[in-house]
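One chain, chain A, links the two complexes that follow: it is found with chain B in the first and with chain C in the second.
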Partner chain A sequence: MMLTKNLFKKPGNPLEWYDGHNKNSMPDIPDQMCISCPQCKAILLTGDLNENARVCPKCGYHFRMNARQRIGLVTDGDSFRERDAKMRSSNLIGFPNYEKKLWHARLESGENEGVVCGTASIGGFPCALFAMEPYFMMGSMGTVVGEKIARLFEYAAANSLPVVGFTVSGGARMQEGILSLMQMAKTSAAVKRHGEAGNLYVAVLTDPTTGGVTASFAMEADVILAEPGALIGFAGPRVIEQTMRQKLPPNFQRAEFLLEKGFVDEIVPRRGQKEYLANLLSMHQRGNGHGSV
Partner chain B sequence: MFSKILIANRGEIAVRIIRACKEMGIATVAVFSEADRDALHVSLADESVCIGPAQLKDSYLNVAAIISAAEVTGAGAIHPGYGLLSENAKFAALCEKCNIAFIGPPSGVIAKMGDKDMARQTMQASGVPVVPGGGMVDDFKQAEKEARRIGFPLLIKARSGGGGRGIRLVRSMEEFENAFHTASAEAKIAFGDGAVYLEKYLYPAKHVEMQLLCDNQGNAVVLGERECSVQRKHQKLLEESPSPGISQETRMKMGRFAVQAARAVGYVNAGTIEFLVDDSQNFYFMEMNTRLQVEHAVTEMVTGIDLVKWQIRIAAGLPLNFGQKDVSVGGHAIECRINAENPSLGFRPSSGKITLLHIPGGPWVRFDTALFQDYTVPPFYDSLIGKLIVHAQTREEAIRKMQAALCELVITGVDTNTDLQRKILAHPLFRSGRYHTDFMEKLEATKP
Partner chain C sequence: MEAYDRLAAARAKGRPTGLCYIRNIFTDFMEMHGDRRFGDDKAIVAGIARLCGMPVTVIANEKGGSTKEKVRRNFGSAHPEGYRKALRQMKLAEKFGRPVVCFVDTAGAFCGISAEERGEGQAIAENLTEMMALKTPVISVFIGEGGSGGALALAVADEVWMLENACYSVISPEGCASILWRDSSKVKEAAQCLKMTADDLLRLDVVERVIPEPADFSEVYETLKTELYHSLVLKKAEEIPALLQKRYDRFRKFGAT
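Moving on to the complex of A and B:
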């Protein structure tokens, strides 16, 4: 037997009232408190998500993460020392509204530019490190991003340090026109010089890594890692589909697809990244008798 | 006063809270899992919201779903009941952030008392006697040293434990190493915190707890004590008030210390301070429960004070309208926990459809339950299906009344422990009132 609806009558007692003490406030959930997982649709508390390295505890979906959080996740204690922190872009070609856009990006991300560079240690191994910032114009590469990355590689080459880089980018920054495309060549040259001096470069491609960044330093690493489910490609799938007039295979441009095709060496979930990177750095340590890369 | 309250619990306690709200004219919101669609608390409440699948972690412990349910229904307060989220400081803090009144103490106090080691230290600092023992032990070497200092037998307790879980009794040094590592590993799995501390195992001793009510204005009253020494594996089975084993002088002293302890931590709302009392009437602080207790009804019967209603009033900011001198403990009350389990099959939990239900009646007999005829007890939750409480002028009369009421209680369809409860009541050691926390072991050992 089920208890039918409205089986019990309502007693109709008036609300207890004491000396006008009335606390009839309405609940108000702050906007930032909950977030819905785009993959499994579970409602998650932002606090829990952050504690879990912004990975959905239910389905393992990797949420976007800002550069500082990433650095905090993989580096040892407070070993991170930032370089070129104050470099800022200016409107070199007079692109309409670019200043305003930059101002908003700085406000939204709390960063001066789309990449954070510096040195740190991972599992006790010193390295140079960059992490791109998704909340600064989607980590797009303009002159400053290119310059900071090129300088980091030059510094690492001069000091014989390996480089670990986290990429997330929508590609070249169109507001800087041809100057942003130049950054592809500039960063590539710096990566090459760093590599020729026998130094290791590990890139971790995160969602999304596209456009000019994919076509330059993201794909030039000695070891290319990716986060599960990350979108990695040059042009977006819609553009390709429309140009080729063909249906693309499922999972196209996802990390797993790229691993299968040999563009990516390994997929490493976020929570295991520090250990994995420390292992790589340990194996490729200079002067450990195993030779250099 | 709140006009609508969400009850973040199930079973008899959800029903108990809804009843209090109905008396107070407060609208109620029940939350339920998919397995509890037909539960009594869902029918009794004015509104109900499904918060997820049967498993506790997906429903009754699903913080985001519960807070969303409060927002959707416009409930200004959440009563967590006991167990589940009631001592979850993070949940209480989230409620505070969302402008929802958490019916219980502030999150900071829950966190402080939830860390059992910090609770010990706080009590010690405010002059309350604590069980001899030490601070946190980080590794085995340190633990071994500490164990030698305290002496055996001793208890290994999880810092984040509670409700009788995360406690391990060790009788000798030989057992210690193994027990230490298992206790730590178990605590890590059960509470996500492997930290443990050691405590002298006081034996023989009684488990006596003081019930407190504290308002936001700084008033604190003690509503007498409850004796909860009848326990099996640290789970209470039968409680009574007043305790037959403590003197009036000890009672007064314990009450004073309880108030002192509550003041020391800035306690607000209903809370319980658990003590161990030895045969020489020495007593030691064990832990503080920052919530409503399962056995709160025993106190309600002897004091005539509705604890749940006062919890709600205090959370709404009202001051207590009575003082310590107005509290009088009259007569004697006993509570038997009725569990769906089979004591002769190693207390195996039981679930299934209730084919016949007869609830005992008569003067001063109370049965708090969420059962009804043809209800199906789901297999997913705690085995407590009811609490039989009686009140009489003397202990002897209360025992007789309970014996009669237990015989009148008929629940067919699931196994219950009613016969075991009758055996407890009939046992000469229980009758004498001089029983200790090892009573159940003795009872089980004397089985024919």
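Moving on to the complex of A and C:
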């Protein structure tokens, strides 16, 4: 697969373990030239890392990646057509400082909201596609994220399209209170209808996928894939440590752990995702007399 | 009353728990145990009973009364097998045309190693999709605490009712204060901001009905018995596709523009 440099024009945000919802813990160093790999400690040039799909060339560690980089990586050429690009959240329950947080999130991510949705082709096969945005409040699910995802599944159902979705999320967006919780039910409803009409849904769980997103559309796919090393769980590790009053085993809640426990179908490294997805879509073409009709 | 006072009432020692509602509203309750996959989660009680003579499926969070009982019930925080047990009973309700009544009272799904390794997220997610398409009427009543996804997993219903002092929230105010403000003293403020009381949720269209709590609590049971019966009889008369469309629309409207 060819990767062009200009796919990764956007400076990647580095590495820092991002804890929950606090924006302050993530440093914003756009011009950083070098990054140290948290797994093998190798010093990598940011440019080289971006050219390598933000995977450490030395050890295969998967660095975090923004939504448009992901879409660029798996879709064909300029086939991506965005939907509902302009939808923006407002402060529905009057939560203190939420407007300011939204403003910062837009600035930091360059996106209007925490998910990018649209249609595209992958290896020539058309699909509806969503990619959550880690640099927008850690892909937390508020009403707009829920609405965009529900609309995408409804559009895909109306057009008999498969859905491919990349998840990354700290969970429900608490600044929208109960309305963010309702998005779990809303997206699940749309996923269910899309599936009942015989359409394929493939989820790719990336680091981290937690909370309300795990407990809704991330775990509802027909095929659930995960990136190597991705943290995937309902409760966050810190909450569990507090509950259990013990240290967690090293690979606990990692993609490999979920594979072992039977909750993901396969771990697919980033470099192989496009080919893997194309093959999967090709085996689920509707009306070709082979797959589902 | 302030939001935090409501929450304190919802959590108060001695407040009736799930089994009290089952005993006082229904007759002939037969408890059905186990998820047929892993085990029997005592944080959720499920079974069959009669409501004014009509067979229904009843599912309830049970926090336990005494300390010993609380521990046995894991304080009402369910593992995946609890949600799977509930879903199994709901599927049987669908098969036999029984309406479903859920009583929600949980601080949240259990956050621990055992729950994670058995797929807490997957279990909740499956309840959301399956309840959304369940071909029989469902009414969920919040009787105490309603904590996040663990509460929603019993509340994808045609109608959601709340007791006057019950709460329902995306996160506990303690969690909100510590994660968002790193300040555990701001719990009361968080409770206010989250809009978690029955009145708030009625205004936000998240619940259809608030059940008053008079000094004599037996009136709550009487009200619920009558109101549940009448509502379920009406819903049973509806065509299933219309019922399911309304349920879809009920949740689809939140945040739709």
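Quick notes
The rule is short, and it goes like this: the second predicted complex is superposed on the first by the 253 of 293 C-alpha atoms of A that agree within 3 Å, B and C clash if a C-alpha of one lies under 4 Å from a C-alpha of the other, contacts with A are read in each partner's own complex, and residues count from 1 in each chain.
Rule of thumb we're sticking to: a contact is a pair of C-beta atoms (placed from the backbone, for glycine too) under 8 Å apart; a residue touches a chain by one contact, two chains touch by 3 or more.
Since the structure is predicted, the reported quantities are computational estimates derived from the model, not experimental observations.
When the shared chain is aligned, chain B comes close enough to touch A:34, but chain C does not.
Ranking chain B and chain C by residues of chain A touched puts C first. Using the contact criterion defined above for the overlaid structures, shared-chain residue A:267 touches neither chain B nor chain C, since it reaches no partner. Looking at the shared chain after the overlay, A:142 reaches chain C, while chain B stays out of its contact range. In the superposed model, A:87 lies in contact with chain C only, and not with chain B.
In the superposed pair of complexes, A:252 makes contact with chain C only, with no contact to chain B.
Note: residues 21-22 of chain A belong to the chain B contact set and to the chain C contact set alike, using the contact criterion stated above. Only residues 1-3, 5, 7-8, 10-11, 13-18, 21-30, 33-34, 43-45, 47 of chain A touch chain B when the two sit together in their complex.
The part of chain A that touches chain C in the complex is made up of residues 20-22, 87, 92-96, 142-144, 146-147, 150, 172, 174-186, 188-193, 195-196, 211-212, 214-220, 232-235, 239-240, 243-244, 248, 252-253, 257, 261-263. In the complex of the two chains, the chain C residues touching chain A come out as 109-113, 115-122, 124-126, 128-129, 132-133, 148-149, 152-153, 156, 168-171, 176, 179-180, 182, 193-196, 201, 204, 206, 248, 251-252, 254-257. Listed in rising order, the residues of chain B touching chain A in the complex are 1-3, 22-26, 38, 40, 42-44, 46, 63-65, 67-68, 70-71, 74-76, 90, 94, 97-101, 313, 316-318, 372-374.
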